[in-house]
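Worksheet: the structure to be examined is printed underneath.
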Amino acid sequence: MKQIRKLAIAASLAAALTGGLTVPQAFAQAKEQFFPILVYRTGAYAPNGVPWANGFIDYLKLTNAKGGINGIKLAFEECETGYATDRGVECYERLKGKHGGATAVQPLSTGITFALTEKAPGDKIPVITAGYGRSESQNGAVFGWNFPLIGTYWMGADVLVQHIAKKEGGFDKLKGKKIALVYHDSPYGKEPIALLQERAKMHGFDVQLLPVAHPGVEQKATWLQIRQNKPDYVFLWGWGVMNSTSIKEAQATGYPREKMYGVWWSGAEPDVKDVGEGAKGYNALAMQHGAEPNAKVIKDVLGMVHGKGQGTGPKEEVGQVLYMRGLISAMLQVEGVRKAQERYGKGKHITGEQMRWGLENLNLDQKTLDALGFAGVMRPVQTSCLDHMGSAWARVHTWDGKKWSFSSDWYQGDEKVLRPMVMLASGKYADEKKIKPRTPEDCKK
Amino acid sequence: MLYRENGQFKTSYQADQQIFPIAQDRLGVLLLIAFAFVGVPFLVDEYMFRAILIPFLILSLASLGVNLLVGYCGQITLGAGAFMAVGAYAGYNFLIRVPDMPVLGAILLGGVSAAAVGIVFGVPSLRVRGLYLAVATLAAQFFWDWAFLRIKWFTNDSSSGSVSVANLDVFGVEISSPLSKYLFCLTVLVVLSLAAKNLVRATIGRQWMAIRDMDVAAAVIGIRPMYAKLTAFAVSSFYVGVAGALWGFVHLGSWEPAAFSVDRSFQLLFMVIIGGLGSIMGSFFGAAFIVILPIFLNQILPVFGAIFGVEISTATVSHFEIMIFGSLIVFFLIVEPHGLARLWSTGKEKLRLWPFPH
Amino acid sequence: MSGRKIGDVILDLNNISLSFGGVKALQNISFNVMEHEVRAIIGPNGAGKSSMLNVINGVYHPQEGEIIFRGEHRRDMDTHQAAEQGIARTFQNIALFKGMSVLDNIMTGRNLRMKSNLFMQALWIGPARREELEHRQKVEEIIDFLEIQHIRKTPVGRLPYGLQKRVDLARALAMEPEVLLLDEPMAGMNVEEKQDMCRFILDVNDQFGTTIVLIEHDMGVVMDISDRVVVLDYGKKIGDGVPDEVRANPEVISAYLGASH
Amino acid sequence: MSFFIETLLGGLMTGMLYSLVALGFVLIYKASGVFNFAQGAMVLFAALAMARFAEWIPGWLGIESLFLANLIAIVITVGIMFVVAWLVERLALRHLVNQNEATLLMATLGITYVLDGVGQTLFGSDIYKIDVGMPKDPVIMFEALFQGGVLINKEDFIAAAIAAILVAALTLFFQKTPTGRALRAVADDHQAALSVGIPLDRIWVIVWCVAGITALVAGIIWGSKLGVQFSLSTVALRALPVVILGGLTSVPGAIIGGLIIGVGEKISEVYLGPYVGGGIEIWFAYMLALVFLLFRPQGLFGEKIIDRV
């Protein structure tokens, strides 16, 4: 008996060491475009990771249902990162060579983004970080392969400051106000600090920094401090379970939810739905889109994907905020491919390097967006070699106890504030890494 | 029949004190190292290098360090992740702040800094032991997690708190391709493993083991518990720190404190316990098991599913991955509490006697 | 007993008292040990014999009293100091290093004499390597002396009890001590093993001139091999003298009769 | 002053939850010498089961009453925790008798993974709510005494009462029932317990089950306040300093240690945190416990260890 056991161990070990690691690699196929998808459907951040992934995949399915990109079908494969950097790197390495090579990669984690930023230039694979990642990577001259499309944290924080300034009746009214930033204690949560401090200097308000340790289930002390200091506004830079915990603690300490503003990663259904009425009045940035159950693209998804029984997640969640985020992220990548095909040949397979050109020359005007079914969902996006963000527009939406609805006009991140910060930080990065920034001439190549 | 030590007589103590007293072992290990240096580069692809082998080598080094402390000196630590972080961040600071700092120097100095920090956090071991000590080392873990997030000096005032290094070169050779990274890590690992083996067969190693097995008796024969424990903390932290620096510099390139979280500490302790406490070889087995098994499960489960015609969702795969991983850990602890290294040596002993079992 | 000559007092214990919480383990005990002699401590279970040895080599620190070792007056000993000044010790419940081989166990006994630093050991060069060989030679002599050549490489955990006791002695001898404390070296042995052990103890005493302090239950053995005997009962000294004196001491007789029946 | 009282109350409230988790640690350690790292996973598992069954039962059985649904969910969850205890004993513990502490610790970490996986597979990874009808909005009290009054959550007091009832019930169980006395006998001396014929395997199942019930209570309190999600299992890490402060073998130690750590955490974060950038509460709790250990290595109420050679 003991012998057999030992034998079994030896066998399983041998199998582990030699076998499965060389899982058959699919051969390159010319007629498909491969989208690796790094997701987290388990663990601390699953509530937010899941809808994003569902939206992303549904859009790829929709694209295929519509005939692909000029006839090229999309191939895709998920890999679970669990929000852990090393697993993320493993996933990236695993997927990047499959199906003729990854088109681009979207890590949905600031930590993984940092790690891939180092690897992408070598592999010539663009890293799309729609609404996250490092803010200075907007500068495409230095960060040649990073695309923080349609939103960086600096831009988001800037819009929030603009919004409260408007509420107060002008930037001059911000003087002496107190803003508390409750943030996830990680590079992600720390991103907005630089901008808030810059703005604080300009307008004379106070920023109080309140870090919350991963995963953010213990915030008693944070909210006691808020109760003590009575800030005029609370900005929330959380993710996963931290968001709903913050709102619940705000309720428990009696802080008005109307004075709370979340970033776009802290303003979706999973963050508020189990708080229900308690979250009423809570605001969050909308990264252009909010919950969009009535958008045409959602009707398409419901009809052509879910209607055929091929939907990825639960049907009720289609069109929710994070679902839309995933969907738009996928759309931007698809449109990148389409743009690249315009230059490198319609109906052709696009390499990572060609994809970069496509992403750097995105030009989604309102007409195109309307045609894609995004009317009313988002504004035009136009990127360039030097601007990898492409759009600095955002608005605010508010939870009314049952659903998210917009509660502000559009704002645009202030170039005068953002640009110098981006240039300074990316310049420092370039120095450290000894990167020679690309010139506009380089971009034409 | 081939694996025998019959006829190999030692005529000097020197010959008897070799690392591998049996000729076949010696040859085997040399062949293995030669294969790792020369053969592997021709056989594996980039994915194997970057996603499996390099992490495996680096975590082997870390697990070796943890094993020196836990396996040889008997001091349980749950703070190894913090010492990796200290190694990585200290190495980073040496690299960017000291002009013309060579990369290798920065990595080693990262290890030295980790050793210094290790000594400080080893002090409680003089008073408390066992699980109390394990929990006490978590203080180091959480303190450094916090320090690297909060103290801007450590991250060179980077606004996000994450740091990165680039343009690694060692003695004029650029360390950027997967192969060069692999060879670099392999060299460091081989050299440091050899040093570790030397330490554990020398007087310091015996002192550590004496403290581990029976600390009062050790004190009675003149071993100073303070010296033995603190050197164990220092040497162990040095190894772990170097591993941390390699993890940051070579594997990730850019990192944040979360790369060295408490999960990493647990992972390292798993490695030495599954691999075998008090065994250099065991550290490698453990690292292989812990690094490779989850990835293996993650890739093989969908394949299994496909065989039976079911499509398993990513979430289910992950859930099964951790369930199977957890069960296998319990299973291994039950069938061989002394770790994979013990299985290995039992196997060898059988082989020595084969085909005559008695 | 040919070659040895009993010398002056090497260790003198004055009015030693030791207690744990409320329990008084030793009360006001005084006795001395002379150079080169075999000194026995006897007494029923719980008399405080082991505690006495623990006080001598610094594992326990008495609350009161004074220890004079080689003319130096001390309030208490410290284990490291004791070892450095040549006090070695074996244990009642064998305190060998279970995870190590016999050879390594004995080698630890040499640790105080090994001076090479960590780096040399890590690189296995120069002094470290030389030292290792030198001390190995010395250890092999002890192995030969105690006739345990055949188990050199065996992990001590796998050895039978009698042999473990012998390895315990070997480790103490490897320190080349001046004073050797033996805590029930023959407990649990059969007659043959006891005879061997007695022979070893007397040889050590004889050949190396080592002073021996031993605790033993077997009265026959004690009376045979020791020069002087001290008797403890419930933490108090009730007798001290040459074997014949002690044997005749009525207090000792009653303590033993009372304890064993 | 009123703010200090609020901080103190907040700390006590958090501390109470730590105490409940630590209580689980101590019960299992006393009875089996296993440092059960899976206690956090058990809290999560129990809370998830409870939350999900309370959600499903109205649909399954057509019950309208929230109270009834919760009650049935609690009963089912207790049953599940019993099965978990039984399986743990059957499949893992009984094969690991006499292993060293580190091995046992790792085994419970293995169990943690299994529980995390099973829990998420069966019950999902979303954020779920436990609605046991606790009042959510705070009230201001003692306005006459302090300027501005003291902000108080009734929920906290109800939770504290539940915890107190649990502790009282456990005390009764240990003091008055034959099983409880047997458990104490095992804790005091394994050999002795065996020699008077107490079946160790049954004791282990019972003690794991009791730990499972304390986990459920902790889970309900926490879940009702902040929701149930995977991250809840990290509460084990927050409760660890408690057991080293209180002593691994002491029930009063776990309770008082929990309160000390809870209060220490909140006061340090609120009053010291702002000077060093905040976020210090985790390591501060550990440092507090550590410094304490240096003076009293066996913890607040642990037994002193004397080396015998």
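Order of writing sets the chain letters: A, B, C and D. Residues in each chain are counted from 1.
Just so it is clear, contacts are C-beta pairs under 8 Å (C-beta built on N, C-alpha and C of every residue); 3 or more make two chains touch, one makes a residue touch a chain.
Since the model is a prediction, treat every value here as computed from it, not as a measurement.
Asker: With chain centres set to the mean of the C-alpha atoms, which chain is at the far end from subunit A?
Answerer: Using the mean of the C-alpha atoms as each chain's centre, the farthest one from subunit A is C.
Asker: Comparing chain centres built from Cα atoms against the global Cα centre, which chain wins on proximity?
Answerer: B
Asker: Just how far, in Å, is the C-alpha centre of subunit B from the one of subunit A?
Answerer: 35
Asker: In angstrom, rounded to a whole number, how far apart do the mean CA points of subunit C and subunit D lie?
Answerer: Their C-alpha centroids are separated by 49 Å.
Asker: Approximately how many whole Å separate the CA-defined centres of subunit B and subunit C?
Answerer: It comes to 41 Å between the two C-alpha centres.
Asker: Out of subunit B, which residues touch more than one other chain, so two or more?
Answerer: 146, 149-150, 216-217, 220, 315, 319, 322
Asker: Taking each residue of subunit A in turn, which ones touch at least two of the other chains?
Answerer: 41-42, 46, 50, 185, 211, 213 - these are the residues of subunit A that touch more than one other chain.
Asker: Going through subunit D residue by residue, note those that touch at least 2 other chains and give them in order.
Answerer: 120, 125, 277-279, 282, 307, 309
Asker: Can you name the residues of subunit B that touch subunit A in the complex?
Answerer: Going through subunit B, the ones touching subunit A are 45-48, 50-52, 55, 96, 146, 149-150, 159-162, 164, 166-167, 176, 251-259, 261, 263, 288-289, 292-293, 295-296, 298-300, 303, 313-315, 317-319, 322, 332, 335-336, 340, 343, 346-347.
Asker: Can you list the residues on subunit A that touch subunit D in the complex?
Answerer: 41-44, 46-47, 50, 185, 209-213, 215-218, 220-222, 224-225, 227-228, 240-241, 244-245, 248-249, 251-254, 270, 274-275, 278
Asker: Under the definition above, what is the set of subunit B residues touching subunit D in their complex?
Answerer: 70, 76, 124, 127-132, 134-136, 138-139, 142-143, 145-146, 149-150, 216-217, 220, 262, 266, 269-270, 273-274, 277, 315-316, 319-323, 325-330, 333-334, 337
Asker: Mind pulling up the subunit B residues that touch subunit C in the complex?
Answerer: It is residues 13-14, 17, 195-196, 198-199, 202-207, 209-210, 212-214, 216-224, 231, 235, 278 of subunit B that touch subunit C.
Asker: How about subunit D: which of its residues touch subunit B in the complex?
Answerer: So the residues of subunit D touching subunit B come out as 35, 91-92, 95-96, 99-103, 105-107, 109-118, 120-121, 125, 237, 240-241, 243-244, 248, 276-280, 282-283, 286-287, 289-290, 293-294, 297, 299, 307, 309.
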